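Structures for review follow.
Look at the two complexes coming up: chain A is in both, with chain B in one and chain C in the other.
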Partner chain A sequence: MKSFIPREVETLWTLFTAPVVWALHFAACYATVAVFCAKRLPASFSFDSVRIVLFVVTLMALGVIVFAAWLAWRQWGFGDDDPPHNEPTRDSRLLFQGFATLLLSGLSFLAVVYAAVPLMFIAECQP
Partner chain B sequence: MTVELGNFSPEERAAQEERLRKVWETPKGLRYWTSVNNSEIGLWYGVTAFVFMLFAGLLGLLMRLQLVVPENDFISAELFNQAFTLHGTVMMFLFAVPIFEAVAIFLLPSMLGARELPFPRLSAFGFWSFLLGGVFVCGSIFFNAAPNAGWFMYPPLATDHEYAGIGADIWLLGLSFIEVASIAAAVEIIVGIMKCRAPGMRINMMPMFAWYLLIVAGMILFAFPPLIAGDILFEMERMFNWPFFDATRGGDPLLWQHLFWIFGHPEVYIIFLPAIALMAMIVPTFSQRPIVGYSWIVLAAVGTGFLSFGLWVHHMFTTGLPQISLAFFSAASEAVAIPTGVQIFVFIATMLAGRVIFSVPMLFGAGGLIIFVIGGLTGVMVALVPFDWQAHDTYFIVAHLHYVLIGGMLFPVVAGIYYYFPFVTGKTLSDAWGKVSFWLMFIGFNVAFFPMHFSGLRGMPRRVFTYPADIGWDWFNLISTIGAFIFAAGVATFVIDILRPKPKPKERNLNPWNSGTLEWTNDPSESWGMRSVPIITSRYPLWDQPNLQADIEAGRFYLPDAKSGKRETLVTSVLDAKPIQCMRVGGVSYVPIIAALALGGVFIALTFHWWIATIISAVITFIAIIWWLWTGTAQIPEMPETDVGLGLKLPIYVSGPASVGWWAMFITMVGDGTAFASLIFGYFFYWTIHSDFTGAGPGPGVFWPMAALVLYLLAWVLTLLARQLNEKGSLGAQAALVAAVIISLAASAAGLAGPYFSGMDPTANVYPATVWIVAIWTVTHGVVGAIMQLYCLARSLAGRMTAEYDQDIRNVTLYWHFMAFTAVVTFAVIGLFPLVAS
Partner chain C sequence: MDDDRLTGACRPIRSEERIVRQGSDRNGRTKAVASLFLLCPFLVSCSGIQSALDPAGREAADVATLFFTMLLGGAIIWAGVVGLLFYAARKRRVHSEKNAGRLILWGGAVFPSVVLLALLSYAAWLMPNVRPWFQGADGGMRRIEVTGEQFWWRVRYLDAGGAVAFETANEVRVPVGERVVFSLKSPDVIHSFWIPVLGGKMDMIPGRENRLTLQAEKPGTYRGVCAEFCGTSHALMAFTVHAMQPQDYEAWLLARRASSGVQDAEGLALFLKHGCAACHTVAGTEAQGKIGPDLTAFGERGSAGAGTLANEVEHVARFLRDPGRIKPGAKMPHFTMLPEAETDRIAAYLTGLK
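Here is the complex of A and B:
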């Protein structure tokens, strides 16, 4: 059976997965609210609906970050080896990448949660 | 990697050195200025930026003298306005960012074990652009024509011709020119770090400095283009009366604030991260141990790099945006404290784990960190919306930003200069002078800026040229002025220490601080950089690889010779730094100077509306750049492979994603795409603030935009086809290119036909102005694309581009991928969005 979990890839780009998710989430929250508060369209759509939509977007973003973190954790060998990962070998380089990606996923997770906090407490546009 | 190192007799080595010296020789006399070597360019860049800093510092002192007592009339209000505008502008654009481009250009090749960065002539071009633009902007104050609307140039003040005269144009055009140089440097730095590391220097082995600079250069690509887009809109308003920021005709000054701060806030971190990068080199050396938490530093650098783009609105908390929007930015502003804190703790942990030697660089570093932490804490305060409403535009902000920038940037830079002075000159600066300088600067700084917190909380606004007595501001201002002069005395001590004649050291010591990183193997008296390119097996090779210095100097590693008579350096793979190419880089040349001066001429002539001079300069720039490309890039080598030593043969010419040129194109186009995205952001920004944005007058219609789109896509397909045919060695490639040029030009005409035939008047309202600017942007890119196709055709006809040697067409195809994307977005937005919006 083919696994839906991606195989390990060798690229620098995976390092940026979680922060990119943060950026997309942030942009989505900002743009949605900005357009909603400026346009107020359609009239039947309330601010609470916006909050619910963005809440779902937040959960999705956190889900992707957790998945990226799990992949990173796997690349880090599930924590079998401790940093500093400074050996001149391909293995050590992979472990370093895994660990750094895992750390960034953690930070991005927190930052997404931070961005979602206003949605909990602010209930209208209040221009 | 186990390979047998080379072994040469003393005669062979002498002959090698002779050849290397000749190839890398710096020209003498006046021709010295045509040098493109990273050590010369880096030095000139650094010295120029430093001189601009001293100039801006003097302007700061002028301001402090004016404010020393209430109701002072030492300088006029107008001169005061020019002084503070230029002070901020010069410090940010002409010192803080360029000094790091300078340091990076100077240090990176040696740190990474490369002979040279991949595009030395581009560095030279960047430097000359910077020098010319900088002198132009700074010089304006001597003609009473400096910008006077504050360093962030808010409209409607700065778009008002009566208040902000030619100074505003000087700011916009002079700095746009310098931004071009910054983006050039970003391309150079990213490609250099990714592709030019010594063999074995895997990404987990890279010096911390390289990690930081990689992130910073990436940030420049996303931060500077929005400002360039903003500058274009701004200058169109000032020059041709297009109403982008004029509320009476549908424009909005807030769009400028958005674009400026999307640039402006990441800018703070673009300044701060490289300074911290210097600290990440200095702290391990003086703790005599590897840095603690290498991966955590990578987290901090990447994390800060990203989060810093979610902060821009915290400069706009008082503009009346919805509170929920403010809250998002407040949250991100608090979140960025996490990675910043991580960096500080990593340094503290490294110092605790090692044995700290308190030398002058450490003194400046530690002093800077203390100041920066205070600035960081007030930063957390002003990131809170309610507090910011009170403190906005007061001296509290002035205090905060100086604590952040001077602690986070100036002090580490001075630390870096003390640290790297022996690397640059072979001599050391004085310990005694350094300590005096440090204490004067540290005490002076705090005496000057700490009281500003209080004058700010007592309500003193920024940028006032004087103030009444007896409202509780006078004592604080007097103290601040005294502190500013103590601080200046510290800076003067430092400058004198640099300038005073110093005796030659008695014995040759390349590594006076016993550092562990590779750059300290370089001999400053030779201009070849690395004598031979070593194999790296440690993060601190000088500590962990025995005999490294001697082996490098004996030419026992790669590229010990220069038999081809060309400047060569190794290109390695991104992740594991396996050698993949022996690249030839550009040598001494006049062409970067000519191109930079001519491009400068375009910007300067535009400022004064000298249209003919503008056109002449533009033509010269164009010819210079084509000449540069034709004679200096994608040269077919006399043999396909060359021996780089240690039994390894590598290709000289590679194309496509393996080549540095392809990556340079990719990176440039990412920056270009960001500027384009900013213009599209502007379109939708106006759409949100108007009830019927696209209904304000005639639109471009559907037919012409769609015709343009189809033609552009056709031109893109033809370019792809030309690449394929060329690869097969078919002459059909040339036919495809001819067709592509014609179609591209037709597409460009169609792109402008929509707004033109609908009679859209860009001065009437912001809607036609926005449609025009987006169309002009795309069409300009289309015409540049056509020139590239024509260039490939000419190269093919001249036999300089063949099936095997096809860099040109591959890079042009990459350009056209971006072009096709730009066309799709542009014509969908201007042609189809009005149908949806209405």
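Here is the complex of A and C:
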């Protein structure tokens, strides 16, 4: 594990990881159901299979978001220091970014869960 | 001209008595009456022939339950927030920063997330009830095809084989206790078919056929409306809904199929002479026009001009002399050049059709 994950990630891009996963998950859910309902092919593939596939996609998305959140938490020093991190120093900036990323990951996690809830209840495609 | 337009039922409702009784002394009574007036706009919309909160059908009952659940939940949370606000403003107690942080985390993040998740799940779980879907809906279920046109409704009753049994307009009849499938279409712009007491609305989109199933539970006469802006007379595009006992419904279907407009020869002659037949149909006569509303058994309709006027001779005469004055943009030409005696005579003929 240790060899995989760099000890420190210092780039603004980590901030966007979770929201991007959220956006991709959202697009994947809507596109898959829409295309499935429009094409209805192949016939052997039932709506429940779509449900299961998207359920797995959801779990994967949540996994990535949790990982991003863990990275952010680490960058934030596991909550050692309290916000606001508003000193004009490199340390403070890193902590601030870590904290902001952690909050965004939380939001994205919730959003992915909310987007997946209707999947459990949708009955079928309606022509 | 506004005074005789049909409006939705606006009668004040049950809680009047209860609210007034709360005031014990005179002052209290005045206050109660004042608050009653303040509540009026809200209360009148809670009952009547066009209220989603006074359901007469299954789907509408679910919608109303959903609404009241959300209302109650919202009221409790609102009361809690206002309570906190008063607490914060009045008591000058010192709280530790840690406790404040906890409050923000639990009260500001966790609580709303959980509540929203619960509400979302509840609403999504209700969805299949509110919009039931039946595989192979064509088999067995009664079908009515409704086409939204600027600014009226073409209504076709289909027989078991899916062929048109007969056509009518601006009025929908359904049997109580039986699920009916509506096929919704539009030839011009997007309209939306909505019978609030029976269920949710569904758009009518040009080039598409949308299906909506509704089940009436309480017999009665209700009102449906167009719920998507479709032009200048959009607000004057409504229809009457009759939920009937099944045996009455069957009898009506039979009678309606046998209806013809030949009893009043003189009225019919005028109708034909002035070219109304180019657009209108009256079953059993030469008039077989398809552009405007079918006028067979027109006298039975609860209203004229798609829920706009009372269905009485004087109003119908006024309508057909100058439809555009009553419904701006209506696609029927005016007949102001005809002598009034003749338009009155035609109106009498039409309102007499059964």
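Observations, loosely collected:
Criterion: the second predicted complex is superposed on the first by the 122 of 127 C-alpha atoms of A that agree within 3 Å, B and C clash if a C-alpha of one lies under 4 Å from a C-alpha of the other, contacts with A are read in each partner's own complex, and residues count from 1 in each chain.
Please note the rule applied: a residue touches a chain if its C-beta (ideal position, glycine included) is under 8 Å from a C-beta of that chain, and two chains touch if they have at least 3 such contacts.
Keep in mind it's a predicted model, so treat the numbers as computed, not measured.
Partner contacting the larger number of chain A residues, of chain B and chain C: B. In the superposition on chain A, contact is made by A:Ala38 with chain B only, not with chain C. Contacts of A:Val117 after superposition on the shared chain: both chain B and chain C are touched.
When the two structures are aligned on the shared chain, A:Phe26 is found in touch with chain B, with no touch to chain C. Of the two partner chains placed by the overlay, neither chain B nor chain C lies in contact with A:Phe67. Residues 110, 114, 117-118, 121-122, 124, 126-127 of chain A lie at the contact with chain B in one complex and at the contact with chain C in the other.
Residues of chain C touching chain A in their complex: 109, 113, 116-117, 120-121, 124-125, 127-128, 131, 133, 135, 211.
Across the interface of their complex, chain C is touched by residues 106, 110, 113-114, 117-118, 120-124, 126-127 of chain A. Within the complex, the chain B residues that touch chain A are 1, 200, 202-205, 290, 293-296, 298-299, 302-303, 305-307, 309-310, 320-325, 327-328, 330-332, 334-335, 338-339, 536-539, 574-576, 688-689.
Chain A meets chain B in the complex at residues 10-12, 15-16, 19-20, 22-23, 26, 29-30, 33-35, 37-39, 83-86, 88, 90, 92-93, 96-97, 99-100, 103-104, 107-108, 110-111, 114-115, 117-119, 121-122, 124-127.
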